[in-house]
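Each chain carries a letter (A, B, C, D, E and F) given by its place in the written order, and its residues are counted from 1.
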Amino acid sequence: MTIVPIIKRDYITNLAAQGKRIDGRNFDHYRKIEIETKVVNKAEGSARVKIGNTQVLVGIKMGLGEPFPDTPNMGVLSTAAELVPLASPDFESGPPREDAIELARVVDRGVRESEVVDVQKLVVTPGELVWLVFIDIHVLDYDGNLFDAASLGALAALSTTIVPAKRFEDQLPEGHQKEDFPLPMSEPPISCTAVKINDFVLFDPCFDEEVIADARLTVATDHNGDIRAMQKGLSGSFSKEEIQKVIKGALDNGKEIRKKLKEVTSS
Amino acid sequence: MTIVPIIKRDYITNLAAQGKRIDGRNFDHYRKIEIETKVVNKAEGSARVKIGNTQVLVGIKMGLGEPFPDTPNMGVLSTAAELVPLASPDFESGPPREDAIELARVVDRGVRESEVVDVQKLVVTPGELVWLVFIDIHVLDYDGNLFDAASLGALAALSTTIVPAKRFEDQLPEGHQKEDFPLPMSEPPISCTAVKINDFVLFDPCFDEEVIADARLTVATDHNGDIRAMQKGLSGSFSKEEIQKVIKGALDNGKEIRKKLKEVTSS
Amino acid sequence: MTIVPIIKRDYITNLAAQGKRIDGRNFDHYRKIEIETKVVNKAEGSARVKIGNTQVLVGIKMGLGEPFPDTPNMGVLSTAAELVPLASPDFESGPPREDAIELARVVDRGVRESEVVDVQKLVVTPGELVWLVFIDIHVLDYDGNLFDAASLGALAALSTTIVPAKRFEDQLPEGHQKEDFPLPMSEPPISCTAVKINDFVLFDPCFDEEVIADARLTVATDHNGDIRAMQKGLSGSFSKEEIQKVIKGALDNGKEIRKKLKEVTSS
Amino acid sequence: MKSDIKLITSEGKRLDGRGPEDIRKIKIEAGVLHRADGSCYLEWGGNKVLVAVYGPREAVPRHTQNPLRAIVQARYNMAAFSVEDRKRPGPDRRSVEISKVISEALEKVILTEQFPRATVNVNIEVLDAEAGTRCAGLTAAGVALIDAGIPMRDIPVAIAAGKINGQVVLDLGKEEDNFGDADLPVAISPRTGEILLLQMDGHLTVDEFNQAFDLAVKGCHAVSEIQKKAVIHKYQTIAAEVQE
Amino acid sequence: MKSDIKLITSEGKRLDGRGPEDIRKIKIEAGVLHRADGSCYLEWGGNKVLVAVYGPREAVPRHTQNPLRAIVQARYNMAAFSVEDRKRPGPDRRSVEISKVISEALEKVILTEQFPRATVNVNIEVLDAEAGTRCAGLTAAGVALIDAGIPMRDIPVAIAAGKINGQVVLDLGKEEDNFGDADLPVAISPRTGEILLLQMDGHLTVDEFNQAFDLAVKGCHAVSEIQKKAVIHKYQTIAAEVQE
Amino acid sequence: MKSDIKLITSEGKRLDGRGPEDIRKIKIEAGVLHRADGSCYLEWGGNKVLVAVYGPREAVPRHTQNPLRAIVQARYNMAAFSVEDRKRPGPDRRSVEISKVISEALEKVILTEQFPRATVNVNIEVLDAEAGTRCAGLTAAGVALIDAGIPMRDIPVAIAAGKINGQVVLDLGKEEDNFGDADLPVAISPRTGEILLLQMDGHLTVDEFNQAFDLAVKGCHAVSEIQKKAVIHKYQTIAAEVQE
């Protein structure tokens, strides 16, 4: 637990009082977003997402296995995040800490609850054999806002995933589809994050902003403008008005990011 | 490892030299025992036992599974203890430490060796499918004498356990009993514990007594007055006479506690 | 991480400059090697190897199980090493550390890559049931050169292993060999280790030499004089000439050790 | 598939007979444990939760200490027998996340700056689980912290709103949680209305969100009254005992 | 089911030919390891046990130190190959419990007050297991502690008594342990007769217990003689080497 | 069985068209990460490796510090998606061993004596794996250490030689690694020719070993040139940016 860097905090809040941020952005603007897909050969799908200097690589591996007993007619999604020591001097190797667990669970819920992957089309033999989808999030460079980078990376990687039916043909029953096919997907929700520093609400926080932030709110919205997931973090609080502000910004930014994601994944 | 609290020790031994204990009890008396069953809805059986301020909750869950290869005609008993940090400022979360392991193993042997649960009646298909009985001991408040509280809690919980055959009817073979039925039980042995402080033998030690005790002896006796299990603990020693004294006290107290247990579990 | 014991280092290097070692040996000589087999009753094969004061016990247990999916026509070898705290004041209990892992992996490769165990003769039903061979290395006394002692112990234990077909007859299919038989083995490679201290190359280092060594090289050679495995260790370097010198010494010493192994295991 | 199950009638009657804004029965008792510095037992519908607070005490190991304020370590744990199919004992990913969001929510209301280098441990044991355990745990933690005499700005309180069969309701029950459209747990500081915890799973329009959010805040205030009664009852009992 | 197997004849002859009070063959050798401060190799029937003692040395990490006396940490470990079906390496619940009861038994006889803040490590490796390993381990530990020069009040010693086919016997063998009626391991300090370790599983009347207990104590004294011989033999060997 | 597969033609043409001494295509980029003190991205045939260096910084916990020099902690890690069948995240025995031999190789060239009590962390992430990842990782680590400004005697470099269908070749590809006769990874300090890492699996005559060894050293020098170009390119880019 580090001492709050008071000088850095003063600097950032003084700037904010003048409506400014350390990298010159507006409060509700994102840093430059780059999405690159098919970056890993061995994975069935992959994407590298950069948001400013933050860099996340997501790989999708698929396999065959049993469904969960309570969902015999659905494929299985599984999300894990590794905050590898590559990405930050503060990340350590070893079992995932609570930060990595929260990240994986928030991305997982974003994918699962939004039903963006049509898991009902991933059933081979109901109750017995289904496709397993492993979403592995590798944080490569950490300069803030991992939730958005990881979510976007997962969506981009899933959107370009090819189900490797041919490689598994020996394990597939007679008469079953044995040609590779794209992972069945529907419209994805986009996750946008803002932090609160004093009374200012800043979207897409960089590392320096995140470190001194009082509270964080992530909102995932879909193409209809509906809310699909929310997660508040850190020990500060939000007022109702601030939450409304974050939802609005999430809808606006989400629209832009969805457009960018489509361009990349449909190409 | 803490320094032995010398002042507390002096106080307790001085009292003992006058035949007294800090809470006014006789050397061979127990604190007030309360047994409450069916305290948890989700468990197949449960009991909360209080011995003075010590409080233990035991829940029984059941499932179906394979028997052990060397006992194809027996159901499976499994006991675990969690010394959750709720119960004492000294308990920590994390993997079970040696204290929790010893507690679970002593309770487990008490249940297993005494054959109080008729595991031969828990077989569905010999060698293939049997009932599994999970005994989970949750220590809620630790004021000494966990062995007796946990053992009594386990027996009370087992005595009120209903085998959930109906819930598992899909997994049970044709023609098998599919109505719920009480867990088949025989007469339970009762575990009684005493500690030795200097040359004094005190039954049912409270926390302050336990902390300064030299040695501990637990004796489980049955309704015939036979011995069914013993466990000596701590780094002090016992003489043969002291062991005899503990056995006698265990028989006397065991009779009372057995009566109380029957009242509760037969109602 | 301990401070390099400078005085000990000076003493050993001064001796070496005069062509001497602390226990009077030549640079390329081994300490006395003793091999004793069938030292453990419960194991299917076992050997205790002493190299000077270093003492390693290797036990072989066998079982039946599934082959690896990519080698359906081969039995399974598995090697584990325990640096139990018995053997050295510096060994700790707990999960195996990198030293134990490297030791197990080097022994494992020595056995596996040299194909000394004919794993193709350990198949019961291809793709379904094969013999599993567990090689467990127990270091009992650590006075340097564990790699050679453990490798030799594994080979001696394997050479005297009896496949317990009779004990497993219930699990073996009809018509399969149900009499015990010796583990099918071919000519073993012998592993020899040297360390480099300053510019001196010393074979079979004792503990005091190992602790101050700059670099270590293990070379396994077979009865044809071919190389079957190598492993360089520690943070020093070797020149090509030094590597040649180690290979030559490994061939020479290997011949002697192979003879000794044969004497013991064929008796 | 989710909407196949009828969770609420057109007259607004839910499976357990409640109306859309009705809260399940809540029972709170403070000071139920001997060893803990503060404790609380809470029943909320079919949920049974026990909370023990220890602290403030020196944080160990030392490198976890914050020289400016106390750290708050909530530990949410489900008993193995608290759910239909036995849960393996010990923390899983779900309980680690819930422990984190509850710790963060509590940190806001505790006057941590009064206890530099200290830790406040809040141990939440779920003995019986039936939808809404994180809100039940946080609500019980608020009472246990008061019982422990930990200085706080306010007693935090939580409840979930949600959507079932397209309708916004308060305090989801088990089937509503499993087969409903959305779940929105909210914790607030009732004096100021600040939002301490907020999560959402499912699908809500912005309007539905606003409706559900307001309902949750309203529910928090209702539960807050029950909390306060439990605290007052505890003090009255103590006062009565002292007078005797 | 247990009593179906005939473990002892009416003439008191056991499966391996022993009489009721006969002890299996015991062989003890002190000082068998180079690196350890003290060591002992012991064979007891089919059991083979090796013990190494390290210490007294400073206990680390520091927070485990006791400022008034040394702590005794016995570690009982079974080799993977010591049993019929290979055991996974590393501690399991059984070995953790046995380590604990052996540590506690040894602590009573070691003069721990002479070494504040120190630890004495007693590593017990079971290489071959055939009933009675905890008694064999404790007995070997006693000799290894002497070999290490650790100051002790006495050399602790252990043996189990038990009941098979209704009859009280000494030093249970493998089938007797598996199919017998009761098992009673006992460790004593032979000079004072103090009981250091006592466990019982099975079913004994109070009379049978007394009978078995007395038999175990008698057995301890017999094993104690073998221990002493091993210690003396070691010293004689050293003395002879010194004279050469 | 191994020799059943035709890995090289009698004209010396390998499965991917390379000749016996041809190296797969290598691409190295220095300074690709923002947070790390130094970094390198390397593609080598189908391998993709990313390395980040942190340090020198104080080693924690303190008892890991060496008062005379810095310790070097390389951590080789394979991403779950870097192989055909998903790998469980986290270290396994193979990665622990590779981390150890790479740490030891790097320690020789880093001027560790300049930074007592410090640690230099070298994190090697394998994103795509296709034979030769340890050599690729060590080679990338050399560049990342330079990029981090860690003082070194030389830039370490590695490559494997091997034997396929009885013929000695350089830089084994995937099938060659799986079905070949021997694999000989070598790391050197190119200025002095010192051998920093050397492992061998398989079967080589002494002559074949010498031939393969010389080929590996030759290969190291070739790869070393590519390393140097990447370092120079990075400095030129920085210089150009500064001038702008």
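Basically, contacts are C-beta pairs under 8 Å (C-beta built on N, C-alpha and C of every residue); 3 or more make two chains touch, one makes a residue touch a chain.
Computed from a predicted model, the values in this text were never measured in an experiment.
Path length between subunit A and subunit E in the chain contact graph, taken as the least number of steps between touching chains: 3. Greatest Cα centroid separation from subunit B: this falls to F.
Farthest chain from subunit E, judged by C-alpha centroids: A. Computed centre separation for the pair subunit C/subunit D is 58 angstrom, with centres defined by C-alpha atoms. One finds 32 Å separating the Cα centroids of subunit A and subunit F. Once the centre of each chain is set as its mean CA position, subunit D and subunit E turn out to be 52 Å apart. In subunit C, no residue touches two or more other chains. Contact with two or more other chains is made by no residue of subunit D.
Chain-to-chain contact here is organised cyclically: the chains close a single ring, every chain touching exactly two others. Tracing the ring of inter-chain contacts outward from subunit C, first into subunit E, gives the chain sequence C, E, B, D, A, F. Remark: subunit C residues 39-43, 46, 53, 55, 57, 59-61, 63, 80, 82, 84-89, 93, 95, 134, 136, 138, 140-143, 207 touch subunit E in the complex. Taken in their complex, subunit C has these residues touching subunit F: 1, 3-4, 98, 101-102, 104-105, 109, 113-114, 217, 224-240, 243-244, 247, 251. For subunit D in complex with subunit B, the residues that touch the partner chain are 33-36, 46, 48, 50-52, 54, 57, 75, 77, 79-86, 89-91, 121, 123, 125, 127-130.
Considering their complex, residues 64-68, 71-72, 93-94, 96-97, 99-101, 103-105, 107-108, 184, 189, 192-206, 209, 213, 217 of subunit E touch subunit B.
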